[in-house]
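Please find the structures below.
Look for subunit A in each of the two complexes below; its partner is subunit B in the first and subunit C in the second.
Right after this comes the complex of A and B.
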């Protein structure tokens, strides 16, 4: 019980429930099942991006190129699908994963093997991928009519009452949570994030671990790119601008330490939901939609403050135990 | 077939021109506890890292049971049954105790997936004989240093090591924990594990070891049977250096008390520390690494604030909350890590010198570079900096001259008290002498100097008075340098907790 009260996730869930109650009171229309489903549907892309970004942040790095990767992969899938409408959607799902993994692999190679600073490196690739998106699209926009049904169904077809994209997001989060806790590759990501020096002494190849963390991030981003175009039935080179910041924000909100090594999948899942409720609920209140960005920002600041205070009290506790020695 | 399980012959390891190991020898018998002793910086830690494959020796022969071995990394040595518990605990603070124990050898089920239940269970079995207090599901970083040490031991045990290296495992343990550790270590030996036990404490050696090897200044001094060796023999072997002409003659006149530290405590770092320093005096703050010396200095300089106690400057109580306060009051700090805390390597030497006092050279909102340069040149002359070009970055200088740049920076503003944390660390003997000369010269000009140093000959050669810390407490104070010997300081710095003050 004491542990439950102390847990950061418990706090997040309380916040989530409070937000839902307030939302229910202020905008009762939001509480239709359909509007909740559409809220989740529109936030599934963020969930995929956040899971990928999380893997990178856990290594102590950051990837700010993901929104551009999403646009690039999304455009490639869209344009190929439009010129070959008979090719089944699954091919583009796989293409999205592979192409994304390649984009992530480039970042991972530069950061993990050539030891570039993650922020600067991905700033560069952010422009590269956005530029490639423009080149591939030729500045052209695609709209709903251009998409084949087998393509769009990967996002919007109802499975057990929910759009497929929500199921994909849920499955990815479950697999990622399992990967992070139960596989060597997943645990190594935490190991290098918590202490590179110790990892080296323990015989962990830090560069390789970094490489595959970025590859995972890229693959999930590529998947998100394909699903984004399938969900909204729109594709243009400027799409998803600023999504990388939302993904990072969700991670921070979910308790992922920006210095690496700390953070859990369940926290990030709750982070996705809180961010979804805030954005969706705000846009529902008349006259409030202009406040959406400011409020998102305020939530991030509060989350960081909570992280700071919980960490400080843990450090104090440790010092007290040390103090007993002196 | 020799009865030695591990032998090292003439092993050399250099780091960028500095010899960390200079042809050392070592022979470990099967099933013995072999103590390895020496001062800080004698090369013990590098020695272990060579054995475990963290570093590769430049030359020399290493044999395991008569066969030549080379390790490319730590997993190579782990495969051969060599495990080490490092002095600076190399753990993953954010990961759980269980995960720290099993890092690199996780228990997996038949699908290659982590079996946390089995790992927690096994971790508990390993930890329980050592301590009943440790919760294996807690993150390592929330444990006390002593508890972390025990986890490291459990980790080594889990690897069924044939050779176990323990680097100062008792340094941060309480008396009872030490006894517990002795018991465990002996049990391991009786099971046939060969143990290298690195320690500063004679007590550990007498209690455990059958033989002892001493390193000094990166070289091998000798190996003796523990029966029949005395403290005096050992201390002589550890510190036996000629002191003549390594230190300039002291010429400063000692005046009134400038800085008084009265009974300051900081939870987790140090307790009830009191001392004072006078004008023209060099006070040495010594003790082993981790005794709390740096923290005490950081407190005087305002990087840390004390929980209780007060600091007085020229009789006035002062409240130093930050380095800015300290500098305003005339207290300067020469940090231990000059590369990271003392110098900005991207800027030219003269800008490094003036970085603390740049505002002096601003005229009508504009920086007068000529004045800044002139001032820097004057200061560099004062400390006899050997630099061809003061517009070059400090990285173009030798270690000793880099240190002089940091000193020049401190002198650019008016100071009363200078704290020098390991001022000669990593500097060659010749350059050390000129740093001592500068210190002597500063003392003559009325500065009160607090020198933190682990090197006992330096402490004896330079200081006017000595304060010895151990485990965050003052365990010895020598107000007159007559008849003070290295043995006396060493004894004070090894004194058990709760000893007389």
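Right after this comes the complex of A and C.
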């Protein structure tokens, strides 16, 4: 019970419930089953991005190129599927995963093997992928009529009453949570995020681990890119601008430390829900849509500050328990 | 002898070496700038020599320039500021709103700059006092500031700005010297002086290099960081004057997205390390001009603005890669690829190379002296060199075989 009270997730759940109550009072229409499902459906892409971004942030890096990667992969999948409408959708899911993994691999190689600063490196690749998205699309826009059903079904087909994209997001989150907590490779990501030196001494190859963390991020981003175009049935080179910030915001909100090595999947899952409720709530109130950006920024700042203070007080508490004189 | 330490001459006696000066990063930047001009002259001869072309290139490219100067300081701290573009628009909005209310122009401009400085102070407080990571803080404050502009302006744009804004953007003194370039260079000289010759500038270096060391030397790290973030805000305010002037006097919430990236790219291209503590002020100033010419050249060669992004990205990554390649890295790669990650093989190879060099120098000297038995001596030395090389090759091969055998053994043991 004491642990439950101390846990950060409890606080997040309380915030989530409070938000839902406020939202329910202000806009009662929000609580229809259909509107809740569409809220989750529209935020599944963010969930995939956040899981990928989490892997990178856990290593102590940051990837701000994911929105551009998403646009690039989405455009490639869209253009190929629209010119070959008979090809089954699973091909494009795999294509998205592979292309995304390649994009992530480029980032990972530059950061992990050539030791570039993650922020600057992904800043550069952000430009590159966005430019590539434009080159591939040739400035063209694709609308709903161009998409084949087998492609779109990967996002919107109902499976057990929920759209497929929600199931995909849930499955990815479960697998990623298991991977991060219970496999050697996953623990290595935490190890290099906590302390590079001790991880290296313990025999962890820091460069390789960083590389595969970025590849995981890229693959999930690629998947998200394919599903994004399938979900909204729209594709153009400027899509998904600013999504990287939302993904980072969700991670930070969910308790992932931006300096690396701390954070769990359950927190991120709650972060996704909170972000979903906030954005959906804002979009439901007329005239509030201009507030979205400012509110999101404010939420991230407050979340980072809270993360920082809880970490510091936890460190102090640990020192006290060990009997240090402070 | 007591006190001898104090008698030592501690002045640096490097002097001016031409060969070193010519391959300095700043000089390489100058070459790139000249090369870009050459490309323009070769492919667009008529246009280049037309009156006003070069001036308009410089005018168009210099709207980020004040922010580059501030960004150098921020990067020297090892921090980064992604909110400069949002700050710039925020400052512009404050000026524009006050002008709409009929406040005198000069007061409105000063208020705009102060608003930017407040934004900078907010960033600084988060980074310096709350010790939040600069990347995430400034990314979110960028959203916050731009979000505030969105809330206040909505879809509207402000059009009421002092007339001299336009002059800063486009006026050429005597039709030759662009006013913006002149102002930029004056600011650049001031910043060079501040960074390289004052205590404040040197403090930025030491805080970036080693904050702990700076604290023990009696420098308040938080204070220095705070000052520099406020300085960045000030420069963003000045930047808003340049920007609005170039845009023809209008501000809306979606303007100037991505300018923070250009400012960072210019500073990084100018040789400022993003890890902090490394870099000079001259490089970024030249790099700003390079960016201006590069954008224009690509535009003239028919490259579409979205494709230009690829070039910007590639250039950004390449410059940083070049600056990270150093002697140690080459040595590491050699160790891995040629010497099979075996330090013994590496050591004997380096020793042999040094030995051969020494002996070859001896041969040259003997040849110079022209002694009677020169040929004999040279032959003896050559034989020595051959022997050393042979020994080195043999030993390396033996060690390599040993290492392989060890690896094989280890594999067998772990496979059981």
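Methods note: the second predicted complex is superposed on the first by the 320 of 326 C-alpha atoms of A that agree within 3 Å, B and C clash if a C-alpha of one lies under 4 Å from a C-alpha of the other, contacts with A are read in each partner's own complex, and residues count from 1 in each chain.
As a convention for this text, a residue touches a chain if its C-beta (ideal position, glycine included) is under 8 Å from a C-beta of that chain, and two chains touch if they have at least 3 such contacts.
Computed from a predicted structure; not experimentally measured.
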Partner chain in contact with A:125 - subunit B first, subunit C second, else both or neither: second
Per-residue touch tally on subunit A - higher for subunit B or for subunit C: C
Partner chain in contact with A:184 - subunit B first, subunit C second, else both or neither: first
First (subunit B), second (subunit C), both or neither touched by A:261: first
First (subunit B), second (subunit C), both or neither touched by A:201: first
Subunit B versus subunit C as contact partner of A:237, first or second or both or neither: second
First, second, both or neither for A:249, with subunit B first and subunit C second: second
Subunit C-facing residues of subunit A, complex: 62, 64, 110, 114-117, 119-121, 123-128, 130-132, 134-135, 139, 237, 245, 248-249, 252, 258-259, 290-298, 300-301, 304-305, 308
Interfacial residue positions of subunit B with respect to subunit A in the complex: 54, 73-75, 78, 86, 90-95, 99, 103-104, 106, 108, 112-114, 116, 141-147, 172, 174, 267-271, 471-473
Footprint of subunit B on subunit A - complex, ascending: 178, 181-184, 187, 190-191, 193-195, 197-204, 257, 261-262, 314, 317-326
Residues of subunit C that touch subunit A when the two form their complex: 80, 126, 130-133, 135-137, 139-148, 150-151, 154, 261, 264-265, 268, 274-275, 304, 306-314, 316-317, 320-321, 324
